[in-house]
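Next come two complexes built around chain A: one with chain B, the other with chain C.
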Partner chain A sequence: MTNPHECMLCRCEDVTLAEFRAAFKEGFTEFESLKRYTGVGTGFCQGKGCLAEAAVELARLRGVAPAEVSLTNIRPPAATLTFSELAALPLTPLIGDSRPDAGDKPAGKEAR
Partner chain B sequence: MIPLRSDPPPPTADAVVIGGGVNGLSTAYELARRGLRRVVVIEQGYLGSGSTGRCGGGIRQQWTTEANVRMAQESVEIYEELSAELGYQTFFRQGGYLMISENEADRPAMQKAVELQNRCGAPSHFLEPRDCLEIVPQLDITRVRAASFCPKDGTAYPFAVVWGYARAAQRRGVDIRIHTRVTGIRAEGGRIREVVTERGSIATPVIVLAAGPWTKSLAAMVGVQLPNWQERHEIMVSEGIKPCLNPMVISITNGIYFSQSMRGELVGGIGDPDEPHWTDPRDFDTRCQLRFAVRFARALTAIFPPARPLRLMRQWAGMYDMTPDHRPILGGVPDLQGYHHICGFSGHGFMLAPIAARRMAKLITTGQPDDIIDSLRLSRFAEGGIETDHFVVG
Partner chain C sequence: MGAATPGTVTILFEGRDLSVREGTSVAVALWEKNVRVLSHSPKYGHPRGLYCARGHCTSCLMRIDGVPNVRACETPVRDGLRVQRQDPGAFYGRPLQRVMAAAGQVFPVGFYYKWFTRPAWLSRCFLRLIRPLTGVGRLPDRGASSGPAAGVGEPASDGAAAASLARRDLGLFDCVVVGAGAAGLVAAAHASGRALLVDDHATLGGQRRGALDAVAAALGQDLARLPVLAGAHATLSRAAGLQPRSGLGLALGGVIVGAYEPDLLLLRDQRGLSLLRTRRLVWAAGALDASGGFAGNDRPGLLGPRGLYRAVTRDGLRVEGRRALVTGVGLDLWLAAALLHARGAKVVIAPSEPGWPEELKAAGALGWTVHAGLRVEEATAGGADIELRLGPPGGDARTRVRCELAVICARGKPAYDIPYQLGARLILDESRGGYVPREADRVESRLPGGLLLTVTGEAAGLPPGAVLAAAQR
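The block that comes next holds the complex of A and B.
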């Protein structure tokens, strides 16, 4: 089996499998806290390359099926944009604001 | 950290703190430090899952009211030693805060604020726009009309502060319950008697409500009417780049603030005056908005041009617990013994928590009056003559 000290769980943030397990042992037993403690899933790929692996490992540590592990909130943007690109976009209204003058155009699909 | 539990809480306690964010955990830690033996913290989610974990981590002493300046200054003194005190790395770093204004008319107010800050012992100073370039050379000062800088302001990592306080509190015997919701608080004969949770009740003579935006609804359970309202505020991180920005930059004109984390990311937000005021937790909506990303990007690229080719990597939202004068509400209420609240920080609970908690714990355990807590009592709103802090931005 791979040495957990050499096995990269999150390549963007340099989190090894051993570090993830150590964090669990320290008391960070849920994904939201593990993410913030180890940095797993917070790098350039925003978890696209590691969340599934990490969830499987967390399920193993907790002795439950992977489907029973709640993942962290997936946050926008789905694909990164530069600040220049964002600054050039029209201003959308606030969520729930239906006033005709609330933004430059009708609201896009709301993201959680 | 001792693994956190969600099983039924103990049936009795000396004090129950509701809220597992920076204010609740620091209060629990300070209460235990003052010798209270059975302190229980009840948190509805995970530690820091409310406002603390959403915040930008800024710690500044540049305010316009004496209570805020003094509290912030005392908080900085605690933050300077906090990693050592808690035995936990909080990533506190004093890169300073550069406050800028694009209005000529703000110059006298900023000069007056600096005088007040200096009188209270905070080493801030007033700057002409060109002087900003010595602190942040990449700044576009074309529209800057006035600025002030305090080199002792800084940032810390909010979750690390939360975990550090939690661990230190646990070492002193504090019992922390996560994923446990408070469903009721019982008072009788003018005294606090019991906190009811979804997993069982705790008989206690003392409660501390430290639940940020949820405090108002908890206080209402025992008939205490807080004037607070809650607002959504959004924040983001960029991709990481090499260290290039030492202080937090904040504009009192459009409310943008940004700093660079130790991981190299820019972390920043901007207030939106059109956000609604909420008072019912059922209305709280922390979805992210493209509108924020666009407003932030416009303001950032204008004041800090090197950010133009950088990518926004992640954004999120949290709640401010606002008060009519933008200052916290601390202490208790006259006719309900054992009741305390530590709330209404109006977006600045992270920076003020260490000292608010220390002073509250002293008041709770000794009963000795505290001049700052007294000036931030709830009844000030009914008494009139409130003094608003004008530097609440972001």
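The block that comes next holds the complex of A and C.
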């Protein structure tokens, strides 16, 4: 049988399958808190390498259908950017008055 | 630097001159020179090597020309390029990382950064100790470039050049199609108004196009003996009839690197970042390689099929005479094996599921070593090689294969981050490979901010080529 201490779940943050299971046993049973506690999905790849696998594992640990595990919040950007790249952008579309609903965004995100 | 051999450049790797093949990426050039370890993982110090080959993962982060955390797989080689591993100093780094590896099995999860948070002064001391240990914490050299990491085939940008980039707002589009693979091309053929097709490859046709073409060219008539590949190649070749209509904007070599509700996208290409907005988004970005849930699944030498296609077809990874194992499921199992065969590798193939009668016959005829019905249980390192232990599901893992390259063809994971950032509701559907919209393919849904979103192709969890085949009927 595969040794879960040697099976890497999240390569960026070095989280093994065993650590993820241990965190679940410690009482972190929500995906969002597991992410914050173990670091799964918070590395350079922003979860491209591990979030789907971690969610499948969590569904198994909880004994529920995968569809019942809600996704953790993923915020932009989805790739590593440098400050100089960002500084070269025109800012108005990002922070200007073109997005009057911007203030509502956190509530909308929480709701999902 | 001595007189350069034609076709080579000399990089400075770990302080020493290293003559490497011209026109490739740092990660591939080093692999060809048998340098398999590009970095060590931050907590346990596991060796890591070329893996995703597309600028997603952490495995090839190196210090290049004095800039930390640059992806070696996306950096072209050139004369005098300074390439260093980011490992912490040998004296206190590696031994302490080994202690961490042992401690990680005993202490609570996350102990290394969650302990000593109070008192604050102790936390500061502790952080000062552990940050260098991760190997990613040193600032750029004085005067080093801080511009965006240049992609293969792009000129390296420096700080001044980045600052002088025109501030780009591409304006409002009627439709943006992300992904120029089979499903994306079908969508692009129907896109109306001011439309843009984005893909991170330099050519149209998607992640398998280059590999399928290379295999078809090398195998000639023999391609018909591998029906799964002959079918995929025929389907994709007919996509020539789906050339994007004239007037469609093309952003090849471009990646959508972020999205902001309700309709704002960040595009990165050779010229840097730009902003755009769209009324409609067709997400056909395909799938990502999954690393497989076995012990040692982060060893250098392990690749996914998409990483292999990219390294071979874009960066020209030379595998002549190298022993390579391909294992797993689906079209990619056969395409990866055939691509390695076409480039002269000694192929060992281990299909994990039953079936493939025609293909297995062809594999024998092509001289491949076949281990049917096995899957990887464990990967261990053996010098520049990797050793895999394979066994039947639920049985004893008795078969051992030693090779230089092992391609793990797990079911691809649908790409989903940009739709999620725009507010799409996604569910985890194991039968479709990962996070996908609840509705099946090509249902256009209106997101809360008004954007019309369609998720299609492998990004919707459909089998490769399914959308194109349906469109061609």
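FYI, the second predicted complex is superposed on the first by the 93 of 112 C-alpha atoms of A that agree within 3 Å, B and C clash if a C-alpha of one lies under 4 Å from a C-alpha of the other, contacts with A are read in each partner's own complex, and residues count from 1 in each chain.
Following the convention adopted for this analysis, a residue touches a chain if its C-beta (ideal position, glycine included) is under 8 Å from a C-beta of that chain, and two chains touch if they have at least 3 such contacts.
All values reported here derive from a predicted model rather than from experimental measurement.
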**Asked** Taking the superposition as given, does A:46 touch the first partner, chain B, the second, chain C, both, or neither?
**Response** both
**Greater residue coverage of chain A in the superposed arrangement, chain B or chain C** = C
**Message:** Just to be sure I read the superposition right, which of the two partners does A:29 touch: chain B = first, chain C = second, or both, or neither?
**Reply:** first
**Message:** Contacts for A:75 in the overlay, against chain B (first) and chain C (second): which applies, first, second, both or neither?
**Reply:** both
**Prompt:** Which chain A residues come up in both lists, the one for chain B and the one for chain C?
**Reply:** 26, 37, 39, 44, 46, 75-77, 80-87, 89-90, 92-94, 108, 112
**Item:** Interfacial residue positions of chain A with respect to chain B in the complex
**Value:** 26-30, 32-33, 36-37, 39, 42, 44, 46, 73, 75-77, 80-87, 89-97, 102-103, 108, 110-112
**Message:** Can you tell me which positions in chain B touch chain A when the two form their complex?
**Reply:** 1-4, 46-49, 53, 159, 163, 238-240, 263, 272, 274-276, 285, 287-291, 293-298, 300-301, 307-316
**Message:** Per the contact definition, I'd like the list of chain C residues that touch chain A in the complex.
**Reply:** 41-44, 46, 48, 51-52, 55-59, 61, 69, 104-105, 108-110, 146-149, 159, 162-163, 165, 167-169, 255-262, 264, 266, 268, 272-275, 277, 288, 290-291, 293-298, 377-378, 413, 415, 417-418, 420-421, 423, 425-430, 433-435, 448-449
**Complete:** Residue positions on chain A within touch of chain C in the complex are 2-3, 5-8, 11-20, 22-23, 26, 37-39, 43-49, 51-53, 55-56, 59, 66-67, 69, 71, 74-90, 92-94, 99, 101, 105, 108, 112
